[in-house]
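What follows is chain A paired twice: with chain B in the first complex and chain C in the second.
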Partner chain A sequence: MTATADKPAAEAVELVTLTIDGTEVSVPKGTLIIRAAEQVGIEIPRFCDHPALKPAGACRQCLVDVASPGPDGNLRAFPKPQASCTMTVTPGMVVNTQHTSEEADRAQKGVLELLLINHPLDCPVCDKGGECPLQNQAMSHGRPESRFVDVKRVFEKPLALSSEILLDRERCVLCQRCTRFSKEIAGDAFIDLQNRGARQQIGTFDEDVLDFDGYRPVGAAAEDEAGRAFSSYYSGNTVQICPVGALTSAAYRFRSRPFDLVSSPSIAEHDSSGAAIRIDHRRGTVMRRLAENDPVVNEDWITDKDRFAFTWQNLDDRLTRPLIRKDGELVEASWPEALAAAAAGIRAATAPVEGDDAVAGARGTGVLVGGRVTLEDAYAYQKFARAVLGTNDVDARARVASEEEQSFLGATVAGTGLGVTFGELEKAPVVVLVGFEAEDEGGVVFLRLRKSLGRQRVVAVAPFLTRGAQKLDATLVPTVPGREPGALADLPADVREALAQPGAVIVLGERAAEAKGTFTAALDLASSTGARLAWIPRRAGERGAVEAGALPGLLPGGRAVSSKAARAAVAQAWGVDSLPSAAGRDTAGILAAAAEGGIGALVVGGVSASDLTADVEAALAATGFVVSLEVRRSEIAQAADVVLPVAPPSEKSGTFVNWEGRLRSFATAIHTDAMSDHRVLDLLAREWGVELGTATVESVNAELAALGAAGEGSGPPRRPPSRHAPPSPRRAPRCSRRGTSWSTRARSRTASRTSRAPAASPWPACRRRPRTRLESRAP
Partner chain B sequence: MSGSDEVWKVNRERDGKRETFESNLPKKGPIGEALAPVAGFGVSLRNFFRPTVTEQYPRVKTPPMQRYHGRHQLNRHPDGLEKCIGCELCAWACPADAIYVEADSNTPEHQVSPGERYGRVYQINYLRCIFCGLCIEACPTRALTMTNEYELAGPTREGLIYEKQDLLAPMGANMLAAPHPMVPGTTDGSYYRGEVTGPVKEQVEWVREQRPEDPTLPENRAKEPATEEARRG
Partner chain C sequence: MKWGFLPPDDGGPRYLVVNADESEPGTCKDIPTLLSAPHTLIEGVAITSFAIGCNHAFIYLRGEVVHVYRRLLQAVREAYEAGHLGTNIHGSGFDLDVTVHAGAGAYICGEETALLDSLEGRRGQPRLKPPFPAVAGLYARPTVVNNVESVASVPSIIANGVDWFTAMGTERSKGMGLFSLSGHVTRPGQYEAPLGITLRELLELAGGIREGHELKFWTPGGSSTPIFTQDHLDTPLDYESVGAAGSMLGTRALQLFDETTCVVRAVTRWTEFYKHESCGKCTPCREGTYWLTQILKRIEGGRGTQADIQQLLDTCDSIAGRSFCALGDGATSSIISSVTLFREEYEAHVEQGGCPFDHGASALVPYSDTPATEEAHA
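And now, the complex of A and B:
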């Protein structure tokens, strides 16, 4: 989407000129030979080399002949072939790869033969078969025949490292990609090399593992670096980077072959990072999910949840047809019947009761959206609530929420486009985490923070240092839960000083809503130090819901419900007379009212009862009529009166807005009959004779782009800008970057809109307040 | 003059210029010319006195050549375990995309083939198959071979997608139906090297305990010799 977003400023880099296979190439100083060769299109075989990991020189497959000028200026060849993945270029160096040097070719063939000595060659049963670098490179660079005639080394296999990762040590070529990933990237070294020579192997330092050939380790088995048994949120990445079939995933074991699979790019739905993934599916069933390389968001990595948690959508309790409650039982029904029943039920449950004024006034409706839906779905939910049901009782925050949080979101998050980015978070000199546990709640945010370990100071305002915070080498500002505002106000002087450095970031998690005053304190801190604020919720749909206005006090684009002008503007855009002006209740408020019988009908989206602390069961029982839009027969669906099945993310298209504010659009991976929430709501609204206009992703995005962000005066009252505004050279690119992100929607989704955009400057808003830039594009 | 008339005129002119056809065959003499009308019967008359080549199919079925590419067969190891390991190399090799395989893990309770992996789903679509035999070449365990059976026609499309049970070779004389454990103390390599020659006591015991009614158990085999149809189930 915005591939250029984190491009570093062009600096003069020192170039080194060398010759590879007779081709002269100039590369920046410090480049590895193997990368320089890539730049001139020469491929050197390799196993251990990975661009995101530090050089290891473990597999020796990339041997090349190297000669460099000596002190006298004469070219002096190295006596033996050198590993091109560990050697940096020097001026005047002459490199001869396997293409031009017989010596290098012989060395590579020898190494490959050596690597294959103990390899079981069980490619037919190996999951990696067909996409295996060892298989491919043995074909392209190896000898046709092995001269090894002895017995191969045998290990017990497979060894389950965890419920998801299986290790097959026979196949391992000891490249150490997995151990380097665990140490360098994830910080939880659960496996490491053990033994030496022919007995060298990857292992967990478990005595039971080392049972071959009568060998026993001397002394007690070592623990991993964290001193614990294996537990990592990122272990699945080792399976993806393993160049042989040594690490395989239990979920994909023996499931498929690469030629069987259809690969569809998508966006992970399990956290607010919006990591790019690849869904590999066969015959309509997801077989596995892999990380896609997205340099500005998730780089090469995703969490195990994003990788392995995909089976939920194809379980037995998946809903494919609408359900209606008849005589106390949910029975399958046709779509027209179910939609009519849902509309009739909501109407009946909210109709004023004759002669009972007290009840009549209270029998409202509520819409619980849940934080997992896409931007388009969230928009449809809130539009349905406001334009059809006539209520502001719509909330996407199925978690602890507060009025203060809503004001904060409206003032500083909604409609602000791209804020702090992953790249800026990585480069920040200091990051203060408030109500946020990066490893648990942030997904790949943790990996970005860990990437700058040693260059960045992480301060956690928390009761104790979690394991994740320890891995970030975080400083603890101890606080009792609920006392975060006080802790922020009395931050140690050195932290406060550090926050005044340019680029410092304060991260607010969703738990910041638990302590009253946290947001205010954070805003105060930001304005007094000049640090930037980033709000990182847990769920994928949270930021999108804020943008779409699926909060009781917020309209789309960060407009406040309390503002008459904003209501009028949105009402005009929607073609309705007026929007409800009464203050809406949040999830807890709606459920509390429902439990007391104050809610006539509830429309519930992707909410599960375990999300909430309130007694959902009691609230649903006391509600007259419940419509549930669900993928599976959840607890709430079981308690509903009408259940409308909706599509899981892999079967629909849409947009998640990640915590940065970056639009992460994804297309349908598997085409089925399942409809997205926004389409179902569009159909449901027709029962009231209302054209909701959310039938397609395109129509929703056209509406969102037309509405744009709130203009001056229609947003919530905002705080004065921070005293130490970021210096202007940084201001300009950030503004254009924001424009790139948000205007992409306007350009790609609604081509007609771009023609109406002012032609003079691509980002006219940059000359004005950033808040108005989408308004300027609106007709 | 319309366009088509123009074309006809051109054609006529071209035909007028064309030389008349003259055969290269030797010209017949007057007798030959006279007998020409009945000369064609010579072929028929000659064949009256030759042995007949008409095959009385389907009443009489002539075996095809030994290496004829007929219906596929999924073979078994001598102890009854399946040779197919579900590697999908046959499906990969197939130029007609006629083969579909889904593999699964062998477990101690459900050991179908030696080693870790077996083919849970195995389908060959005979509407697509071109009988080229590339799948046979690709098979690493000699699980897939071809029989001489050529009667592959049917009234439905579904019926011509052969499932695993349609393709599996019939049980040999001593074989024990899978699933059952491997011969104790062996690896999949022992099977491939031909070191397993038949079911052993432990395997028979295991099957007797798990499936006492199994028709391939020695005691049941003696009772009722399983017919081809019964085995196909």
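And now, the complex of A and C:
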């Protein structure tokens, strides 16, 4: 399953050799001149060109002199300079850029001068100033002084395209990157060009802009191209690709200067894609987040949630000190006091009740992890539950979950390393979506699928075609919610045939857990057609929690709690006598038991009451003692007896495991004294006299590696993989296929391009677990 | 003809699109043709469609000419009724539908790829070429885009034979064409003549320059071609000779101006047209025409400087050959050629602080030169 991940096409690429500024270069056939020039380090100025968008040739900034051999073999120069962003290379072509051709240089200077005549030159107050391609290229390729002495065109500004996106039309150079992104990449054509000539402008439909001059258009405006506001999940990308300060984000406008910001690479925490982002912060406050280019994951794009949803961690209700409930009120306390109180409270609440015949610990502790924590945190939660509290009542699935899902995750997801990748999903000839809405639940997964629009068949097993599915040109296999297994069993013959093509993928979302039998039906379908399965959960921490064993029936590395040998192996690795063997309950089970007074204490991590359908309030009220590990004063924190503050992702390091199974580790962006969950749990465990060994990311990852659960240490990004000691197979109780297959650090820039499992594992027999029927594994 | 560029038939549809979006200042040949003989065009459409294997032809007409639109629709209806269009035409097994589309009035939609985008319901802006329309045109199918005049000439060529057609014209520019004479000419109108005819000969047909005046400058092919003067009266009006003389035959729209005309004023009006009609896609045309208009208006209003005249040429240099389509080049032709030929007139505007001409004298109707005559679309 891992061997072919992200492998480049094996077939030889036809190369074309040409000369650029006297340097010979060979590039694949079909390469644009501007890209070929980049290969030899020659930068041709550009505005409309963007590598991820189709060529436009609109700005005319990248003009170069071109000559190519005619039929007689003699070089023939094009009479005019050519746009290097639209012209593909041909054998023997000779290109002279601004560096070697006066004509090209003159053409570029002329275009730049024209671009600036209507540009307001308000760089000192512009958000883009300091990181602006127009400003930079005007400095490097423009005239020192403007000869334009006439009247610039003016527009009212800013124009709010949406609550997040503001448009300054005066600054716009009409490169159309934003409209092309919206049409080509996101499929949300809510903004477009309007009017013409120098009055041409970007906008949503606006009669005043269109200058109807008294007469009104008949009927309602068309809906898609212009009718609605810029309501795209990906609209923020237009701000980032805008080569001038025309599109700005409402959250960042006038807040900061680029040169005052500290930029830290990180990983987005809002979905399971593990998109690479850049956190720009100033004096400890996050100012904005941008997409980082990661070719194997999110390419150039992130969702608006990943981009704009960062203020939550710096709001007024942010917890900085522990809280203890005294006389019914939560009051600030010191860490030692709070930790002691938490431990004492849990002990007291779970002590055998006098006169009760129940065995000691029957009123045990439940641990709710939440799906938003890192791999390291999830590992600490489950270890804390099992090694300290002696319970398997630990679950990271703060959502609808099922026993069948857990069996599926243990059998086919946990410990399988890199499975279906973004690249493979993009290239899949057919993708069947089950219980999964790509645009709403998958973040950049949707963009990858849409990238293959027209080349890929998307089939949605769903009650109706969502707007997102329509944008993927998906065909619907209609089913009422809950009847997905039947729909999968009775798939139309053509879909079933299509699934037999190499590379076909069946995607299971978290809602697959809602219908009993869906996973079994999907496995049957996969085994009968040969299609591959991908499980795409919604939250960033879910795959990591599966790997870490933060599920009631799963130990780290996909081991089953029900297996005596597995328990013994983990107990040995942890240095404890034994692990609890009693079956654990899932989130719903824990909360249901709690509501009936069957749970003595609860340790709750990043769970929001709105995640759950259960009556959390009642469960918390009925529970003797609640410890909450939270970033903010959430409803659960408010109801807790002890609240231990933990760090938000930007203030800690760790690893998210994305849905592919790719390790996405990130370093601390902002250094504060906030502690990560795993460190807090390590401190808490000391109150029981237990060394949990989860004080640092490194120690957790060493344990994970020893258990063969998730590769070796997760260091800060950009660290070369070689610095990580490979896990010793001898220390691993089971074959370390996962340890090796995950050994490349996805977050390292070099590694992220090449990150893939080795073709041959040292333990070939262990590379792939035989697919087992769920029934046989179910306890 | 463009028909030969079509790829081999692959069984899918292919289209004929007739470009009737005649909007160039001075050009007036397709509209009169359609007004007087729409059936000729429809006959040409039918023959052309048959030749290229097209079952659905489109006529993209400039939307402002409603009277022509109505007449064309009527002619198409008559053709359907007579069985010249429709299914199984005259038992031949050949089907042809003709759709007449009225554009919304944009100069750019006369550019063939912008016309196709407009016809598809998109914003009329030129497409990146290649692919050329012959390979991927309307709805990404092989498409022939021809002018009204070309298609309307087909029936007569079929009727009279190729030899008849090639006997006319010059060695390399064969055949005949419509020459539209307008401006300071005694009998303005459309003159159909073999290519290679000279303006002197055409003026004889048209009764010469208006009484008591003499030719000052003229356009050989519409406002986007470099202007000519009296020196070019005997230049044969064929593609090669006009090209050799530094201009283009273009649409054969001959706008004639006598000595009462201010060349700066005429060029300013043309440039205002280009500024107004620039589609906005590419920087040079969009920003350049905006700038040129302001400079020209300043010079015309007597507020220009000598440096402005050089700036005109420099700005034209930043547009010509740099724009996305040919419209940018066209916008600069009259400026560059007029500054070259009549630089002293530009300088006179600067030196005298205003226009040395009596605008009333150049008008064909009694005219008072008041400041209230600013362009509506300035």
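As a working rule, the second predicted complex is superposed on the first by the 676 of 779 C-alpha atoms of A that agree within 3 Å, B and C clash if a C-alpha of one lies under 4 Å from a C-alpha of the other, contacts with A are read in each partner's own complex, and residues count from 1 in each chain.
Basically, contacts are C-beta pairs under 8 Å (C-beta built on N, C-alpha and C of every residue); 3 or more make two chains touch, one makes a residue touch a chain.
Because the structure is a prediction, the values reported are computed rather than measured.
Undergrad: Put chain B and chain C onto chain A via the superposition and say whether they clash or fit.
TA: fit
Undergrad: In the superposed arrangement, does A:G689 touch chain B (first), chain C (second), both or neither?
TA: Neither chain B nor chain C is touched by A:G689.
Undergrad: Which partner, chain B or chain C, touches the larger number of chain A residues?
TA: Chain A has more residues touched by C than by the other partner.
Undergrad: Go through the superposed model and pick first if A:G130 touches only chain B, second if only chain C, both, or neither.
TA: A:G130 contacts chain B only, not chain C.
Undergrad: If we overlay the two complexes on their shared chain A, which of chain B and chain C does A:D260 touch? Say first, second, both or neither.
TA: After superposition on chain A, A:D260 lies in contact with chain B alone.
Undergrad: Could you give the angle made at the Cα centre of chain A by the lines to the Cα centres of chain B and chain C, to the nearest 10°?
TA: Once the two structures are overlaid, it is 80 degrees.
Undergrad: Could you say whether A:P79 touches chain B, chain C, both of them, or neither, answering first, second, both or neither?
TA: Touch partner of A:P79: chain C, not chain B.
Undergrad: Tell me, in angstrom, the smallest C-alpha to C-alpha distance between chain B and chain C in the overlaid model?
TA: Taking the overlay as described at the top, chain B lies 21 Å from chain C at its nearest C-alpha.
Undergrad: Kindly list the residues of chain A that each of chain B and chain C touches, one partner per complex.
TA: After superposing on chain A, no chain A residue contacts both chain B and chain C.
Undergrad: So in the complex, the part of chain C that touches chain A is made up of which residues?
TA: The contact residues of chain C facing chain A are 106, 108, 123, 125, 128, 275-284, 286-291, 294-295, 298, 311, 314-315, 317-319, 321-324.
Undergrad: Which of the residues in chain B end up touching chain A in this complex?
TA: Counting only chain B, the residues touching chain A are 85-89, 91-92, 102-105, 115-117, 140-141.
Undergrad: Under the stated contact criterion, what part of chain A meets chain B in this complex?
TA: 124-125, 129-130, 157-158, 253-257, 259-260
Undergrad: Would you mind writing out the residues of chain A in touch with chain C in their complex?
TA: Interface residues on chain A, with respect to chain C: 55-61, 63, 79-81, 86, 106-107, 110-111, 113-115, 117-118, 147-148, 150-151, 153, 173-174, 192-193, 195-200.
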